[in-house]
């Protein structure tokens, strides 16, 4: 249906990318001083901030404390000016609640929560500018922020979306490509290849799942390389400062 | 040490004092100039203010020839510590519904009278009843305040301009509402299943095992018999209440007429 | 152990009769007691929880805290429901021996399944059957009876929606089972004092039939198990 | 906007009749005309203020303040009570002062204020916050560790200078409740009419307030000569002009103080008299 | 007998701090004594030193339970570790609203603390005299103690609903059924007894 | 509100320092911290700005949307303020925790902009009674290191300076029905004149003196502050006392004088930065949060 427009005859996408090519990624760790960890990421025009507080004592009702591990608490918000049409509320709607839950599930899989029983880790993500792949940008930013906070993790969590143009899987879908067609969101622990979250919307033939999943996985590993460089650069920077 | 006894053993205290009690009662009417009609009613310590604001709206589709009366009772935290601040609680909502029922049952105002142009324009009377001092018997006081406030509502005359189809309001020319019935509520607290006290205070209501409210109109018809649970009563006891309510209706009506008359000459 | 039964009522004098009614007890597994009560086409489902642990501020030191929630068939509960909740709660409180379970909470949820007239009396009946099914100690039973006065002044028991709309006045009573006294009364429309008393007598008479029905259905329930 | 399920609802939309009134006979214009006819108000003129303390039976302390412009405010205050949640208590060793401000739906001119609507809640919350800032410096909160004090104000009719009246009434109610205070807080409002040379005037009425280009509400603790509230805004002018306005407002507070003080003394005397009467009745 | 009482309002300057000492209902600032209550001025001369200036209101002053104060409270629930009570009085002044308090097991008796059992000391509904030992922290409410002879249960009802009579320091008896119940009984001081 | 807890000696240290006109970070009483201002940081807004003042980090987005004029002002557009105290700043703001502070700040902004001259609202009108531009000024609080109000007002002014509203034409056909046509040229747009947009100067009373631009630690030592909004010409448009304490009249007068002085120089400094950025045009390297 929409497939012919998604890929040109030469095999390029509407924004000039190749099918497996990611949008430009830029990231920075340690944006804020007061939070325990923070990070900022740009993926194409999507801009996201993530901040981590914790592990700290349970806030609010103590009854929610888990005896054997830390509670991961997430909030997903979008700045009221982040979207084309102004949003009424930054958070608290159903979509934000659902995405916060997904984030929580993703990071419970990655953080070594058993090291901090009866405590709490807060991950707050904020979309400053929305241009497709919001959830993925948030996961990637949050990964950096958790690392910035020095919280032990099994592995990076990298997230990327993928779509399909006929048979060709497209990595990191842009919002223009979002109209119609199946969509797959994958959060991957790249070293072990374990899947932290997989979400599929719209119908997809089971035979094509493999290909889409592979493309998303490939993209996640590519992202991993980028994030890894950001982390290493940051570490060098910090140690250099400490060294003096 | 009387106060001491009261807090520790409230029920004992009341049983002992009930026999020789007589309670004071004073009433007065006040006015709010930002409202189209208003009244302040004091029943003992209980003080209730009712302000009525009239606005214009299109009538509902299913009753094109009727206006609206929107009664709301508010029990703000100001009137007693038993109420929390915030939106109306159960008691306030139940009182609002009771007042709405009284208006509906008694037909004190024919909603047809509030219609200006069939299907096009009608009056909305927002009757906001706010309790200022809560010392029991909120239903009687609210119903009384509503009636008194409706009595002094002055609505500007509205005409529909034939040519433009727009309505024109003449604020200088004002007309009173037609009050068709004068419902008066009388509440009783049931004490130990047998004793009935009229116009109970908050303390009496707390200790009572039930309440019953009778609303009668000018022709001694019943507009409402409201007994929300509590101690059971026999038919004869209920009749007793009704008889007492009818007597009280006459007294209250006299009082209203007197007050209205005293205001009119101005 | 669901139980169903139906009973056709014969004309109970004065040319008026109750619509056929039936009740099913214990049909829900999660609540501690449940009952569905049908009066003609009106039906209400009651679920009862408790006595259970009570949340902080609602705790009463000397008796159980009863909470009644009335859910309309569609939409959210509004002022009408809140006012009826208060009436139903105070009716149940009058018979519930709450002092036996101090500092606990009893929650009664009434879900309207269909409204074809005499809804409040159906709620009252469902509530009483729910309390019975939960095995809570009660000082007496109660039942709800709605009477309508048609334009000619004749009494119609257990009116349908149509009859309610045509009526001059609609009166609903809750009658207790020990002395046939009035626990609850509420009216719509206006009537004379005599008419009210006549309605009350008719309601008390109808209450006998309903209590007999309560007795039969409970007997059947326990004899089976 | 979500529907309010806790109130009896009317039609979805309704308008005040003034909206349809033929031009020229809207009372606003009429009033304006009257104002112009009347001699220009002396800017330092204070409108009569009526205050009465201790009039409610259920509240521990109460006060009613009525201004010449028609503003009517009723306040109730409650002495120390257990703070609902001990964890959230203010810095250890002091109590908390909770303020509430409600506006009766019929208190305003024109359209009825819809209780429970977002805008109404906002307006009430803002006024409550202003009330709290004005009162807190006057109350000896350190005397009430772990407890909360509560004040609620109800605006029955808004005839201008409502916040100022509420501040005065609330501090009277607190004092009437027997709460330990450093001082009373006296509120006074001012506004400046449009026009280049217009002066600030004290205690504006509602029509003046509506037309004003700048407004200011101040609260003073007169005995300590401390300002507990300054809240105002509008057309920009030099700091000196604002200083002048502030001085005028504080002067107004000083002049209102004796009225409030008298009402409180009267209430104290009345209370003692009834207590004495009750005592003699009890012994008799 | 006395000259007409002088009433004052909060913030009213009463006198210089050199002339008198500040009593209740007053505060000192900039070398002067000010009233902090709306009430009646009272000047009491002490034999030695300066007179005490205070502002008083009739009985119903706004009191709070303070550390060391003897309070009267009603037991609302018990468990094996503590009894929860509502404080009704401070000294002989009734409070306008109740405050919650806790009597921990180890604060019930002065001796043999480890043998104390809460259910043998208090039952819900008992009226108890206790002393405030702490205002509590962010999580807890007032902590009370009954570890003195004069403190403990003063009014208790038996299962038959009759007021029981103390028969020893740890037992009370129902006058109707003659059943005995354990309590931490207070030895009420004669001056508090009322005929 | 995010705050720090200080011990008595710490407070005393700060108070004594202020007495000597020497603050913990070496500033004098009337000095601002170094502020970073950058505009046009969010590309899908009409105007945006980020301001970092010490640890206080503010992002403001302005969106122009078509609306109907208010009944009482049929020939003017209007501004809507919304302040989101995001959980980024402190976990206390999670969920609805930041709402109260958010509305308080928004209300303050409304009061600051209540003066008719601050923004030319008439230029926002498209056709009277029917269409006008509504400027949604959305403030996002990202980190909170004291002196929120000043930082927010600077960011709002910078964002308004940066705002570009597309030009529109009203076309009227024979039947009188109107149509609005958006200009095709993205560079054909209206700019706002922000000369009279006031900035807030918060003066915190510490001991017997007052300081501007207080840090969180200094705010913890202050019982009362005076918030005044000053235009670049030195006119005061609003004032408000905040905090639990009270102020004596004389010190209020002094604070107003200081506020005017500091405010004027603040405006000059801000305008300089904005003009510099403007002169670089598109060649400017955008830093955003990556710097």
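Details
Per-chain residue numbering starts at 1, and chain names A, B, C, D, E and F are given in the order in which the chains are listed.
Going forward, a residue touches a chain if its C-beta (ideal position, glycine included) is under 8 Å from a C-beta of that chain, and two chains touch if they have at least 3 such contacts.
Quick caveat, the model's predicted, so the values are computed rather than measured.
Common neighbours of subunit C and subunit F under the contact definition above: D. Distance from the centre of subunit B peaks at A, each centre being the average of the chain's Cα atoms. When chain pairs are compared by contacting C-beta pairs, B-D ranks highest.
Remark: subunit A and subunit F have CA centroids separated by 32 Å (rounded to whole angstrom).
Distance between chain centres (mean CA atoms), subunit B to subunit E: 43 Å. Subunit B and subunit C have Cα centroids lying 28 Å from one another.
Centroid to centroid, with C-alpha atoms defining each point, subunit A and subunit E lie 60 Å apart. Among the residues of subunit A, none is found touching two or more other chains.
Shown for subunit C are the residues in touch with two or more other chains, namely 79, 82. Across the assembly, subunit E contributes residues 59, 97 that each touch 2 or more other chains. Residues of subunit E that touch subunit D in their complex: 5, 7-13, 25, 27, 29, 34, 36-40, 57-64, 96-100, 135-136, 138-141. Subunit D contributes residues 53, 60, 78-82, 86-87, 89, 92, 138, 140, 144-147, 175-184, 221-224, 261, 264-265, 267-269, 271-272, 275 to its touches with subunit E in the complex. In the complex of the two chains, the subunit C residues touching subunit D come out as 76-79, 82. Listed in rising order, the residues of subunit E touching subunit C in the complex are 76-77, 124-125.
If you check the complex, the residues on subunit B that touch subunit D are 2, 32-35, 38, 45, 47, 49, 51-58, 60, 68, 70-72, 74, 76-81, 85, 87-88, 92-93, 96-97, 100, 124, 126, 128, 130, 132-135, 156, 158, 166-172, 202.
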